[in-house]
């Protein structure tokens, strides 16, 4: 039962709240009516003929340095196409790769251009009807002149060009802190055993030998899968991920022995499975860890976060296994024009501009590894980036990462198993049997 | 009372009903329909009967997610409702000087989730974090732990954050309820020589029993629906130790595009929540009957 | 007397520790916004060496934070307004009038009180996609208002049920029409109830995350929860900027709460306990 005084209090409270609501709504109404001009372009369609066009471009966040290049391309393109406004949507990479992109594509503001990985994922998008055929632009136009034929690997479906090549991302190499290595008198390991020995020296010096942030499972997933492919051979690896042999096949279980070794020697940060990839990189940037297995994009991150860090990389050292021992785990990425876009021509024009030597050059400076030919004949390229690109071209074999090259459910199951083995909570037999059970036995 | 015109009540209800049916009730029924099909969100519907339900009931991750959320709810009853009751007891034990504390304890309720996640991510961070840093500083380095990465502590760690956020909410409810107890009653207890703590447990708590029951119901049904904290702090990890029904559901539907299967899981969860509500009503009714005869 | 002093010391010690647990993480967030990345990581607990607000300005400008704040205000206030209007009308019908189907209609809303978000968001997402409801400035108002209506109707009906029936009978005898009765009798009676509903609805919509994540992907229309998430993923490695952004969005919210805390507390207690 309420007292009279609290009722009076309630009334005053109501007055205040009503006042706030009315004020806010008035503000909003004013803002809405003033912004109607530009929001009107959202709805109209098919107006490539001079009417206002909003071109939406979506991707996982490529890091500040590369975002700056995209912004520069936007400025340049909008200057020569005054009717076009480019809108970027840079999502968290993990979000983008998982629920972000499908959600964007099915939503009301579907992007006209979106980032995607070549291979299985591109094929899925194609099957879903989100991939425009750009063969004509590649064959006849300016766009095609910026790429060699080899750049289109994994980007041609049913004889059609369906992707503008972006970067060739090496998804894992071993980055190392040059200063720590030289202080401890270590040289770059050339074999797996040398890497383990070096790690033990580093550990004795109270520095984390190898740091990785695996909360989202793909960082160790890529690294451990590369190790696995070296151990069991690329062919068995491919069969396993295509589920022609089960994940818990004896040779796979045996190959996981290398991950067990990483766990038993304790050379990977204890926090690996608790922190995300940025926090893992931060351990390396802050000099708390000597090595960091992650992809080529680390160069771009370091430009912003640790400009003074003296670091370099070596490929996963050779091991005694069935696979090609100088293989590189890499994936080509690119940009897809949405088949459902109303502005396919504008999208192609924009990607043409972005692939031109001017912006390719800027991408290289920002730590990217572009597939466009404009990238390679530059002398101001970061030496690490250049040598990464050369390493990829000379590799005895290219290994496709499970999450981008194969069925995502198989990749997820394998990644969970690898994380468990690295974390020491399961043996390879148990972890892989559980993983296979998730996929229906 | 009859309305002046027979159709007035219907006109009054229609706006709310239309919106509610369109955005909630209709989708509930559609989710029920989806659950009998295999559907990826845009292709063809393939009827599969009860297969999705059979799969859900035998899915080890889905089953484990119910265990996790049950543990989480049990912990939050202590860390949210229990802590809220404790805080309310503290701030009502004195007539003055508690305004600052009441405000401070409620602030986390309104914080944007990302703030909570980033701040607590750093508190728990194994390498740079405040807890491990503090433990090292006071010479207890051996107790440091990978709080969110250890299957034994991850769920507890998330529950503690949950408690930090929501204890203030329950404190506010209990605070108001305790203040409605006529002051003569606690005065009487004090004159009888009861200490502040005794008065709280023997007099005040029994008098707000109904409120505590409602708070527990809110914690149980709210806890079952939680998503945000888990999504940003662990997203199900490590090794699936904090996978709860909602995080798993979002993965199945939006990552694997398995809408039919996800819908069946959603229906199982709905049935669970409705059953919990029914149990509460039943317990309430029995308590009322007993209360009436006593 | 001695015992009282002792207990006061104990009281303020315990409360002080608790207040520290509640406020230190936030103070640390503010402090970190004045520190460089390497200071944050190498000495997380140290005080900043200098107080420089320029990063706050940077964060506000590059993050376009004003936009998220504006969107949140717009979505929340519109949702609350819709909830108040629709629910007041429906509660009036349910509380005052007898009509065919009243029981079943009210039961439908009562079901909505218990329905968890999981039971409808999957199909809701498909439906919104089909009808192109996703991705507008107003998108989130639809589910937020719909989700808030059941509790609002229930609470308002409880308030109205407490009004003596004789008042309505008297108004009827005076010849008041149905709508006039709503205006002159029901609305004034409902004021405290509407305030409670408003507070409850604001708290429920202001920080909503799951639907905001799924339905609004266009940066221009994101609300604070997903907008800050976007900010934190775009500037993933610039922690100073991130902490600055979190600080400037959070501090005004705390200030507003401090001013209105009595109203907020009264609202949630009424709402939870009715």
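Note that the chains are named A, B and C in the order they appear, and that numbering of residues resets to 1 at the start of each chain.
By definition in this document, a residue touches a chain if its C-beta (ideal position, glycine included) is under 8 Å from a C-beta of that chain, and two chains touch if they have at least 3 such contacts.
All values reported here derive from a predicted model rather than from experimental measurement.
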Graph class of chain-chain contacts, one of line, ring, star, complete, other: complete
Pair of chains joined by the greatest number of C-beta pairs in contact: B-C
Distance from the mean Cα position of subunit B to that of subunit A, given in whole angstrom: 34
Where subunit B and subunit C are represented by their mean Cα positions, the distance between them in whole Å: 16
For subunit C, residues that touch 2 or more chains besides their own: 41, 214, 229, 232, 266
Junction residues of subunit B, two or more chains touched: 41, 128, 250, 254
Sites on subunit A at which at least two other chains make contact: 103, 106, 282, 286
Subunit A to subunit C touching residues, read off their complex: 2, 6-7, 9-11, 13-14, 16-17, 20-21, 24-25, 27-28, 31-32, 39, 56, 61, 63-64, 67, 87, 89-93, 95, 100, 103-104, 106-109, 278, 281-282, 286, 301, 304-305
Interfacial residue positions of subunit A with respect to subunit B in the complex: 98-99, 102-103, 106, 128, 215-217, 269-275, 279, 282-283, 286, 288, 408-409, 416, 419-420, 423, 425-426, 434, 437-438
Residue ranges of subunit B in contact with subunit A within the complex: 41-42, 60-61, 124-128, 146-151, 154, 234-235, 237-240, 250-251, 254-257
Partner subunit A, residues of subunit C touching it in the complex: 37-38, 41-42, 70, 73-74, 77-78, 80-81, 129, 132-137, 139, 191-192, 194-196, 198-199, 214-215, 217-220, 229-230, 232-238, 260, 262-263, 266-267
Touching residues (chain side subunit C, partner subunit B) in the complex: 7, 11, 14-15, 18-19, 21-23, 25-26, 28-29, 40-41, 44-45, 82, 85-87, 89-90, 92-94, 96-99, 102, 105, 108-109, 111-112, 114-124, 126-127, 142-143, 145-147, 149-150, 153, 165, 168-169, 172, 177-179, 203, 206-207, 209-210, 214, 224-225, 228-229, 232, 242-243, 246, 249-250, 253-254, 257-258, 261, 264-266, 268-269, 272-273
